[in-house]
């Protein structure tokens, strides 16, 4: 299993939940990042993607793997507001940090979603400890594969990064 | 299996989806009614109750069993609005009629929820063809039991009702 | 839902487990019978059919619904012996009565399996309280449908039988 | 996540399936080995452990991860014979190599099971590319954790082994 390697765009957000202060990708350098993009009224997110993100957050040490939610609303903006999201987070007892993707200009697609070229929700993006995108999946992958992919990035990090391969 | 027998209060609603006109319980006389009370941001509803209601709607002939959703918002009223519910219904592809429970006066509990004495969401209430409540469950019951309970009420109806027992 | 109605052949068995004495279909007259035909090394039986039979046995009153297992070995006879079945029953903690279908003459199909025209395992056959086959399914059906079908036969029995329809 | 490190005893077997010739642990040096110990009539094996072993075999490249089944019969020896196992393997469509653990002397425990100190079935043992036991679990662990553990051992192997840590 080898994973591609492209620089991860910084995210653009308007609000955060479950964190004292806004998080930038640069703040997480040194940790593997599992970026879970979702919409609160997307069935595949609520029934599969979100529970999987919670399993990642429970399995891995947060000092090594940062699970970050990103609310990428690209439809029905009027009802999937940050206020509605706040209730959703409370009711579903989500504890990992969740940012609200910034609205696009002249486009229904929010900015971070567009910058990453996401095709829809749920999307899961793995970013290595040096800030490179290493996996980008649309839909839900099997837990075993995801566990393996995250662990490979952790191992790389402990060895001094992918650049150490050469 | 014998089921208790108390008159079903009529429901009080402010709006309907998936039906041409508002539905009253009296309109459904002659059919067994599976009344599924939910909130669109309740995890147990979204992950278990709603899918089960859809299975009921698919299994039984709608001319014999009417599946009715009831949006009984008793918390976070400002984000679980009828407009948000409409999006939820669209995204989750629900096709059975769904009414919005009327707000209570001086109480967070909506009126139908209070009239039926529901403890929370999801709740499932079975009403027989003569308009009597025969089952009232809070949480989700096994599919097999629910299938059996509905079928018993159907059988009763075909024989001329529970009063025919005497 | 109306179910067809043909007389149930008596079963022919060589041995029984979980019962003091051999059971004949006639012994169960007055009860609805759920006859679950399986082979102990059939994946669909072990992973789906057997657990469903156990759910039937747990949900319904045994005085009303008799769950009967039938070991219908039609292949690999040398390893799916009654001695192996006994261990299987013990390990899987099955508690309902289980009969061993009698070997066919000049055919790998055992006798009861042939008499009922079963297509393979798992098969589930519902027999009404008067001894008529009312449902015959190959493979596993949804729990809700099975619960409904059994309840309809129970209701019929309580009303004096299907003949009471006329 | 760091895993302990003890030498893996060689296994002692009497027969093999799904392989041209008997396999010794030494033959697999250079690959991560997932050793899945089971009994064909153990419910937890049939319903959970075996399907998980199949998922491992499908996910990882066999040139990197060798999934090996081990039939560790410690009870009901007379019915869980190699002939019965052969039918089980055929019916459940298992494709990874499976060895039959050699009977113990004066003990119901077979030899490899005893040498590894397994507590029961199912057990899963991960052996690194240099032949050391790195994980030993009794029962079934979540897929995500197992995927991560196997990937960590793969990463270690690609870097020249655990000894490269020092």
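Letters A, B, C and D mark the chains as written, and numbering starts fresh at 1 in each.
Keep this in mind: a contact is a pair of C-beta atoms (placed from the backbone, for glycine too) under 8 Å apart; a residue touches a chain by one contact, two chains touch by 3 or more.
Because the structure is a prediction, the values reported are computed rather than measured.
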item	value
Shared interface partners, meaning chains that touch chain B and chain C	none
Chain centre separation (chain A, chain B; CA means) in Å	37
Mean-CA-position distance for chain D and chain B (Å)	50
Multi-partner residues of chain B (each touching 2 or more other chains)	none
Every chain pair in contact, whichever chains are involved	A-B, A-D, B-C, C-D
In the complex with chain A, residue positions of chain D that touch it	1, 55-56, 59-60, 142-152, 154-156, 159
Chain C-facing residues of chain D, complex	40-43, 46-47, 76, 78-81, 83-84, 87-88, 91-93
